[in-house]
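Listed next: structures, encoded as structure tokens.
Both complexes shown next keep subunit A, but they swap its partner, so subunit B is in the first and subunit C is in the second.
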Partner chain A sequence: MTKKNKSASQRRLIPTYIFLVIVSFISVFPLYWMIAAATNTSTDVSRGKIIPGTYFIENFRNLISQQPLWGSLWNSFFYAILTTIVCLLICSIAGYGFEIYHDKAKDGLFSVLLLAMMVPQVATMVPLFQMFSKAGLLNTAVGFMMPMISTPFMIMMFRQNARAFPVDIIEAARIDGLNELQIFFRMFIPTMRSTYAAAAVITFMNAWNSYLWPKVIMQDNSAMTMPMLIANLITGYVTDYGMLMCGVLFCSIPTMIVFFVLQKQFAEGITGAVK
Partner chain B sequence: MKKRLLSVLLVGTVAMSLVACGGGGKKADSGDSGSSADSNKLTVWAWDQTFNIKSMQMAADEYAKDHEGFEVEIIETGSDDCQTKLTTCANAGDYSTMPDIVLMQDNSYQKYLKSYPDAFTDLSDMDVTWEDFGELKQAYSMLDGKHYGVPFDNGAVIACYRTDILAEAGYTIDDLTDITWSRFMEIGQDVHEKTGKYLLMNQATDGDLMMMMIQSCGANLVDEDGNAFIVGNEVVEKCVDLYAEMIEKDVVKLINNWDEYVQTITTGQTAGVINGNWITATLMSTEDQKGLWEITTMPKVDGIDTATNYANNGGSSWYITSNCKNKELAMDFLASTFGSSTEFYDSILPETGAISCYLPAGESEVYNEPNEFFNNQPIFSTIVEYSSHIPEFTSTPYHYESRECINTAVGNIVDGADKDAALKEAQKTLEFKMTE
Partner chain C sequence: MISKKKGMSLVAKQRAAGWAFLAPATILIAIMSFYPMIRAFILSLQTGTGANMKIVGFSNYARILSDKVFQQSIINTFLYLIIQVPIMLILAILLAQLLNNKDLRLKGVFRTCVFLPCATSLVSYALIFRCLFAQDGLINNVLIKLHILNTGYNFLGNSTSAKIVIILALIWRWTGYNMVFYLAGLQNIEYSVYEAAKIDGANGWKTFWKITVPLLKPTIIMTFIMSINGTLQLFDESVNLTKGGPANSTITMSHYIYNTCFMNVPNFGYASAMAFIVFIMVAVLALINMKVGDTRD
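== the complex of A and B ==
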């Protein structure tokens, strides 16, 4: 390739880069604004100041004096991690089962499951509440995660990905004397690492951000989660925007970390696990 | 790697079963999550840490002085969340998770009282002189002559003006006191011409200003039987005309949401704000505008016999649920604090800014103290006085629905739609919503 050609092709990329820079700016700006707002007074935020200020400590102090920040963070972490682990285990077993041992009856059952995906969560809230209240599961971690641990979407995702799992391996493993459970734990899970990572990110974020169900079932102050805490910050007659953004910052950091750590696997898992 | 993943999953499963047991244990410790079984403790749902919750906490501390061991557990619950929870409990037919006392918005309460009458306790026999609260305020929490709530937070409407901007245009607060909307419009146009600022702003997405105008005439969007009454309603038509004219003449600036509303105040783009008096807290958070604001009455609608300069927007009251295990204690607690104690109201005012609906409280020294932010006006006693003049009107459980209907109609009219057609549409929509 001559020099001329090279610079011509580079020039052709200029509009693409400009476009990408603009898009990156649009995606990153809200995050920047959140951080800047957390360091300013409420009045400054409302006046549109976007340069970071020196009010962060004050906002933070106000936040912890009004709201149980550490308790809520702990609750959110605890419930979200627990939900993620249990959900991954249950949904992957289900998805694996539907695909590997599939027959007509299971296909029918799977369609019913997909139909269940169409029912919005709010529609099932009253009967769920009734059941959970009678079973004494209000204010418990089990109550929090039970409706979330087996979702049709996750089962479908695992089933789709299990389709790419080579049947030969299973056959070989059976000949080598592994039982079905061992095949699942020793062969399937390690091969499907990236699917698990993608599923973990999605489930963790859903559990972390879930609001309506926890709000109904977690009725104790000590069971408060981060989204509930944020909601409390905007119910007053006066909104302290600086403090609010400080709270939002604390609520966003964990999901950001989870995403960044599992970013590579997430992308792989979404596009297909087995190469 | 395989082993590590496997072990993580196994640990997870074990953790889950542990939590299942642990969770059960925790439940047993804390007892029923709803109303308190402890004979000297009440659970309360309320929102706003610096306002309602703090007031309730102070009331509990006050009451505990004469009642040893008394305490309240306040669970922070936003107004909307409280309604969601109440609806869920009611539909599930299980009130056992409700607290003893719940705070509810005046404008939404009637709907819940009419839909779920068995969720609340009749408080008519409580040791409270009901006449000491404004008539309208009582009406919000009454049904068939029975009292269900103890009025708390005052929602009397005030008009706040930036005196520096008014002075720039050659006006004082007296020029805006007890005036009509037509006069307001004249001044507003003048102010806009001279200073480039608007005399008033309103959220285009909520119909609060329209509702305040209509209700200041003792009218509402329903007739005496509670049916939708928009078409042929003289007051509504007059208010719609005035409102549309104010937008057209650059007297009122339309803005999109609450954040922008606050921004318009903090950046000094508006010379005035008309809203429930709780707006003072937002004004006062902009410290560099100290001394520049003053309050007065809102304008009244021209050409309507029943028109006044007073209205209500917002406010809330305390309710005792039917799930309360210790109703006598709850009633005595509310009666001796929120229901009858001027000392109590005096003590919460400087701490929380919560202005009483209890009319005798307005006469106290604390209420008459000048407020520096409002150029040394004694705003608290003034607000309590305003609240005694607010005319009563036929209340409706469909307050928010009617507000939405009229706001949509007004928005369309401002955008050039035919007035009669828009109002007819609003009437039809509201009638439909009332069947839901």
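== the complex of A and C ==
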């Protein structure tokens, strides 16, 4: 009886399955195609070949002969990891401060900071470029991370999650003689590991993928990031599809790995501030 | 007496610690967001280059009224907004609703697939779509093999089809992202609500509009605000997918402002005036959304 019910309910779900399979196919196919194209010659790609080929090494060789791939990969990793560490530190301690020590003045300040969410990147781009070039921060990792390490979104996320942090722990730690900073580092950070993981994933992804700001301040080829590098591959008149997709693949591998390994944290990071 | 003094200083210490904790973040936001915003406004009243900036009042803003390309970029951006955002959000809610069915098998696989586009950088997916829709790209190859077309159609060379490609690409990249919000929101809705609706004879479509959508309203408003904010600042797709072309017919506001700053003859004053207009648009739309969200609750 129950079995019959089950199969009946599965049968009713057939249109759902068909729809989901189509949507999943459309979602995955462009990425599959990117990998297939990275292993084929440009001519094969433009003839519509979608099966992986054997030309990957040549595409890769062409790519490193034309573009500073290793340098850009290193830059992207270095900038993104540095940004993630500093951002987490600054935003988590701020979120903690706003929640644990909250009073009227701090709540007011918080709503003012939220207004920064409405400030578009293109509006701050020119003044920041002028400030940073005066300060000699063009082509530097510090220049890259400065506008990204304190965001209302991240502060809000940590503030929201700090709500679940038991006040008893703070009281007990104070009695034990820990000062406020020690409480944050020894009590709050270890307890909030999952929040930190989610925040780290989302910050790393954003930093790795950022394009407009690096394009503005990274003017030396040696300071270039991966998104900038692959964008350079289409500046010529003829596009080498195989080589281009090889570059896109290298730009995507790190974020793909993060996605597959830490998908749960990624999803939590996206929705983190709204719970 | 001494102990009382010490007790007070402890409270004072805690208060000081609280302020010290939020100081770095606050100062950074002030220097990296608020101060540049003020600078941008001052710049927008000036003209010239480098040290030779002159104050000219609102002439930069007046120039906007006669700048056909910027007007085109506003139209394009709003076109993307009006067409793409509703399609994407409805599709995202629908997918979340389907994936929230407890009888559904392979839920995790479907969710991962739909969510996967979020793992690619904006430049990456823009380039992938550029290649797929190229004149000798895969889409044309398939259409020729199916005998729908005789020769490759230049999707990115025609202003209407280029816009459609951008919209499709945006939907592809962001539907899964928004779906994640709705899935999180749906988990807060008791399953018994759906059971009750089923007993009352409501079909899937009715349940979707009468239960899912109203209960997800706060989430919908938030994703709407985020999507508007993101669309008004579109840059990567316009630069890499279509390069703004053909003849600026797909260029976005951010792309044009960037070009005004860093391509050809840099004009920081005029660029800042346009950027300030973008800021006002973002702020006004966000406020309208928040108001709408408030009154109906």
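By definition in this document, the second predicted complex is superposed on the first by the 231 of 275 C-alpha atoms of A that agree within 3 Å, B and C clash if a C-alpha of one lies under 4 Å from a C-alpha of the other, contacts with A are read in each partner's own complex, and residues count from 1 in each chain.
Here, contacts are C-beta pairs under 8 Å (C-beta built on N, C-alpha and C of every residue); 3 or more make two chains touch, one makes a residue touch a chain.
What you see is a predicted model, and the numbers here were worked out from it, not measured in a lab.
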State whether A:73 touches subunit B only (first), subunit C only (second), both chains, or neither. neither
Using the superposition on chain A described above, determine whether A:64 touches subunit B (first), subunit C (second), both, or neither. neither
Please indicate which partner A:185 is in contact with in the superposed arrangement: first for subunit B, second for subunit C, both, or neither. first
For A:82, is the partner it touches subunit B (first), subunit C (second), both, or none of the two (neither)? first
After the superposition on A, what does A:169 contact: first (subunit B), second (subunit C), both or neither? neither
Identify the partner contact of A:124: answer first if only subunit B is touched, second if only subunit C is, both if each is, neither if none is. second
I'd like to know which partner A:256 touches here: subunit B for first, subunit C for second, both or neither. second
Looking at subunit A, which partner touches more of its residues: subunit C or subunit B? C
Would you check which partner chain A:35 touches, where first means subunit B only, second means subunit C only, and both and neither mean what they say? neither
Just checking: does A:143 make contact with subunit B only, subunit C only, both, or neither of them? Give me first, second, both or neither. first
Considering only the contact definition stated at the top, list the common interface residues of subunit A for subunit B and subunit C. 46-48, 125-127, 129-130, 212, 215-216, 231, 234, 239, 241
With touch defined as at the start, can you tell me which subunit B residues reach subunit A in the complex? 1-2, 5-6, 8-9, 12-13, 15-16, 19-20, 22-24, 26-27, 30, 33-34, 47-51, 73-76, 78-81, 84-85, 88-89, 91-94, 96-97, 258-259, 262-263, 266-267, 278-279, 281-282, 285-288
Where on subunit C is subunit A touching in the complex? 13-15, 17-22, 24-26, 28-29, 32-37, 39-40, 43, 95, 98-99, 101, 103-105, 109-110, 112-125, 127-132, 134, 136-138, 141-142, 145, 172, 176-177, 180-181, 183-184, 219, 222, 229, 232-233, 235-236, 239-240, 253-254, 257-258, 261-262, 268, 271-272, 275-276, 278-279, 282-283, 286
Subunit A residues touching subunit B in their complex are 42-43, 46-48, 66-67, 82, 85-86, 88-89, 125-127, 129-130, 133-134, 136-143, 185-186, 189-190, 193, 196, 212, 215-216, 219-222, 224, 231-232, 234-241
Can you tell me which positions in subunit A touch subunit C when the two form their complex? 6, 9-10, 13, 16, 19-20, 23-28, 30-31, 33-34, 37, 45-48, 50, 90-91, 93-94, 96-98, 100-101, 106, 109, 113, 115-131, 146-147, 149-152, 155, 179-181, 184, 205, 208-209, 211-212, 215-216, 226-228, 230-231, 233-234, 239, 241, 244-245, 248, 251-252, 255-256, 258-260, 263, 266-267, 270-271, 274-275
